[in-house]
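One chain, chain A, links the two complexes that follow: it is found with chain B in the first and with chain C in the second.
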Partner chain A sequence: MQPTLFIEQTILGLMMGGIYAAVGVGLTMIFGVMRLSNFAHGEFYMLGAFLTYALVMALGGDPYLLAPLSAIAVGLVGIALNKLVFLSLYKELREAKGAAAFFFQDLRFIMLTIGLSILLVDLALVVWGPIPIAIPSVFTSHIVRLPGGLSFSLARIMAFIVATISLIVLYTFLKITKTGKAIRATSQNPSAAALVGINTYRIYDVTMFISTSLAALSGSILGPIYNVYPTMGLDVVAKAFVVVITGGMGNLMGSILAGFLIGLAESWGGLFFGTEYRQVVAFLIMILVLWFRPRGILGGRS
Partner chain B sequence: MLEVRNVSAAYGTALVLKNINIRVGSNEIVSLIGANGAGKTTTLRVISGMLKPIGGEVMLEGRNIAGMEPFQIASLGLVHVPEGRGLFPEMTVMENLEMGAYLRKDKDGIRRDLEFVYSLFPVLKEREKQLAGTLSGGEQQMLAIAKGLMGAPKLLLLDEPSLGLSPVMVDRIFDAISQINRERGVPILIAEQNAYMALSASHRAYVIENGSTVMEGIGKELLGNDHVRRAYLGI
Partner chain C sequence: MPVSRNLLIGLVAVIAIVVIAALLLTMRPIGPAGEETVKIGLIAPLTGSLAEHGLDMKQAAILAVEEINSKGGILGKKIELVIEDTACKADLATAAVQKMITQDNVYAVVGEYCSTVTLAVQPALMESKKLLLVPVSVATKITEQGYKYTARSCANQWMQTTQHADFIAEHLKPRTAAMLGVNDDYGREGLKIWGDRVKEKGVRIVAEEYFDPGTTDFTPQLSKIKAADPDIIFVVANIRDAANILKQAHEIGLYKQFSMLGGVTSEEFLQLAGDDALGLVHVSYFEPTSKRPVAQEFVQKFVQKWNRMPAMYSAGVWDAFMTLKYAVESAGTWDVDKVADAIRKVRFEGAQGTIYYNEKGQAQTKVLLVQVQKVDGKLRRVILYPESDKEGVYIPPERLWGS
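Up next, the complex of A and B:
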């Protein structure tokens, strides 16, 4: 095999891994803070991509500049849905089981997120139709050539940069701000968080905003590279769950590590066994990791 | 300060509290003693809002707080150090103390209270940057109490402060509890299985049996009561 091809695929895998990490981190935060498995996570990814497309069509300009706007809008949709769909159930469960209710074991939550996923896919079908759309960007046609015969599209580099920056911003936010610390506290011990005066319902809103806007951002920045279509979230949510489980449920750093690992593994899998095996390799990695570390690479919530 | 009147509470359909009556005056240490499962922890959970009562009143400074959310009750100055210590295990000692002061805006007051808890438990200063989950049981209990104090409590609820600690550590914790009450004038309500320690340290005490308060008295007098001696002190 040519060393150039290997290096190129390795770098592409890591760049893709950055985006898997961003999608996975959003999903794992929802799990860590709300103990909720959000099967509609991929649909926020899809909504972000379509909204960016709509913004590009309406305002002109480049999707990489408009992506943050679309991410914020989808984040607000996330908050609205959280209040509308889940809030009354949180309150009911808390009253029935005390402050530390484990929502993910509740069938109603699982069905609600699956229903939400179906609803959002159908909504996108009605609004945008089933035909895949490409978001036009000036970066797609720019090829960056590096010494040694390596070349990457500028769009992929942009996507990786945006994903990485958003992860660094999120990490810093959780580490140093008061709200960030309250999110970590709620995730580690929800009843103790309520007892020090944290309004955990507000923390759920903030977490939902972060999670859905990260998904939307990821959809937006991949939109110009892959096509945008109503069911695009369904492939991604499976991958996101692989990342979350491999990294350890609810573990942020675990998801980041697992995102890069899965991205790399897929890329290498495609290179060594043929592109049809890319998906298989991701699941294989998850099974392997769970053999040796049943709680994921860095361990997660039990 | 606190008056709990005829409170009843249930987990699902299981009635766990039938008739709880407790009063904590300002500047008092009051303890709840009773067997495992008698309803001590549940009583504290009802007071701090973690469990909504099905009947009765919880009056804090003349205001009925029964049915309010825990974070609202916390904002009234009631601090509950719960069963299991209520720490954030993957945060540092310092971050846990900061979280204790989550609702406060008075930076000077927070700094003074930080100095006070470090003088009370110097080991916490040494372990400032360590993760709370890596502390020993005794250190975790100190941190739990210190974190509670950082909330500038008007009333402090402590659930089983002696649980899982060595006798030496139990003494140190109860010394600290007395010191907090003496120097800070904070009224404290303790739920405690170690009846001897609790009664010795408290001004007054209540005995809870099967979800009801059945006896009330001066701490040191209850130590001499025949029923209490037989049932809870094993004498």
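Up next, the complex of A and C:
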């Protein structure tokens, strides 16, 4: 095997891993803090991409500059949906089962998020149509050439950097700030958090904001690379769940590690066994991890 | 007793809804108008990831029905179109077709896009003696099974892939080739037929890669192909994936001759892929630039009605409806057995060319081979083959991209 091929595949795998991690982290946060599995997570990724496209059309400029704006807007949509769709159900379930209720075990939440996913995909279909849209960006056409015949587009490198930076920022936010600590406290023990005066419903809003805007940011920075279309979220959400489960459900660091692990495993698996087995390799890793560590590589909620 | 009162209110509401729904359903125009119209079903993926192609089909069907009806219908009967979405899912399609058979009592069904769906609905339609006019699905098996009431108005997978492979081997003369396809029966069948055919002509296959449906990143596959250094790369993918494949190939520095099947023939593809599509050689079932009068008439009507250029799938649907029209007219009756026989005897000028069917109901069409080139600063498909339609000469990738 040529060494450049191996190096190229490794770099590509790591880049893919960064994106898996960014999408997976949002999903795992919702799971850890709110104890909810959000099957509509991919749709916020899709909304982010479409909103960036709409902003580019309306304001002009480059999608990579407008991506943060779109991420914040989608985050606010996330809060609005959280208040409108889920809040009354949280309250009802908490009254019935206490503050530590597991929302993901409740069929109503599962159906609500699945329904939300279908609704948002169809909404995008009505507003933007089924035909994939290319978002023009100077970064996608600018190609960085490295020695040894390696080359990558600037957009892809940017996507990796943005994903990594936002993960670092998020991690520091959770470790240092008061809100971050409150989020972690709610994740560890919602009843105790409520006892010490944390408004857990507000923490849910903040978590929803972070999770959905992170998904939207990923969609916005990948949209110009892969084009945008209504079902793009469905294509990533399955992989995001694999990442979350492999990393340990609700474990932030676990998801980041699992994202990179699966990105690399897919690349190397494709290289050694043939590219038709990429998907198989990803799921095989998940099964193996669950076999030896049922709570994920770094452990998570049981 | 609040519980029983709630129950009562609930019951009344349910009954009221059922009654209103039943009234609405029975009030649909079945009365006198029903005698004069013949219902034709269209099944297409109008939602889901293939919705763009479903739209091509739906618009062509509406146009074809308007065209037929404006000229007095077929044998004095107007056509009424019943459209159902399948989302390319066999279970949804089976339910839709079941509804078309029992409730709408359609005469024929035109569809589908996905071969798996067409194969799934085929038995039910054949059993209830409904015509199945296949405008787009290319799986060879659909017509090979020899069902009397099935006819396909486009070239099948085997026809287009072998005609494509022959052209590549004889005109582009590569020594080595790589293949990249979607990891399902469409992709696997395509790669097998193409690979076997070019191998017979002395071309060596140096890489065979697959990607799963829903993949957006193809760089791992392309990087392996780059390392194998082939003269030509044959790709089986839909337009969304194909555009990404070309874009990402150039991103990682893979500037080789790409060639694809008919699935990428559309304006949307050129828009999506942009300059990355330059030089691509692919199959086309239909070109809106075709100078044949029937094709020009179809293009003109389509643009007038929908304000966009018709895609290849639109031409297939149009020809399916025209097949029905000419077959019923030549049979002189709506008797389904006589019409099925008539389909195998008609010969007419369709949007895709001269249409005539073999004994199995497979249209014997010749595909075009085109290359994406820049004409007056705009991306265009230039017909390379056959000689009769030729619009330009092949430009090798070295001349487009340098070495």
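Note that in this section the second predicted complex is superposed on the first by the 300 of 302 C-alpha atoms of A that agree within 3 Å, B and C clash if a C-alpha of one lies under 4 Å from a C-alpha of the other, contacts with A are read in each partner's own complex, and residues count from 1 in each chain.
What we mean here is this: contacts are C-beta pairs under 8 Å (C-beta built on N, C-alpha and C of every residue); 3 or more make two chains touch, one makes a residue touch a chain.
All figures in this text were calculated on a predicted structure; none of them were measured in a lab.
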{"item": "First, second, both or neither for A:R184, with chain B first and chain C second", "value": "first"}
{"item": "Chain B versus chain C as contact partner of A:E95, first or second or both or neither", "value": "first"}
{"item": "Which of chain B and chain C A:Q279 touches, first, second, both or neither", "value": "second"}
{"item": "Partner chain(s) touched by A:T4 [first = chain B, second = chain C, both, neither]", "value": "second"}
{"item": "Which of chain B and chain C A:R295 touches, first, second, both or neither", "value": "neither"}
{"item": "Which partner reaches more residues of chain A (counting touched residues only), chain B or chain C", "value": "C"}
{"item": "Partner chain in contact with A:R145 - chain B first, chain C second, else both or neither", "value": "second"}
{"item": "Contacts of A:L195 with chain B and chain C, given as first, second, both or neither", "value": "first"}
{"item": "Residues on chain A engaged by chain B in the complex (per definition of touch)", "value": "95-96, 98-99, 178, 181-182, 184-185, 188-189, 191-200"}
{"item": "Residues of chain B touching chain A in the complex", "value": "11-12, 45, 48-52, 69-71, 74-75, 79-80, 82, 86-91, 95, 98-100, 102-103, 147, 151"}
{"item": "Touching residues on chain C, where the partner in the complex is chain A", "value": "47-52, 54-55, 183, 209-212, 214-217, 219-221, 223-224, 226-227, 239-240, 243-244, 247, 250-253, 268, 271-272, 274"}
{"item": "Chain A residues touching chain C - in the complex, by the definition given at the top", "value": "2, 4-5, 8-9, 12-13, 16, 122, 125, 129-132, 134, 140, 143, 145, 149-153, 156, 222, 226-227, 229-232, 234-236, 238, 266-267, 270-271, 274-276, 278-279"}
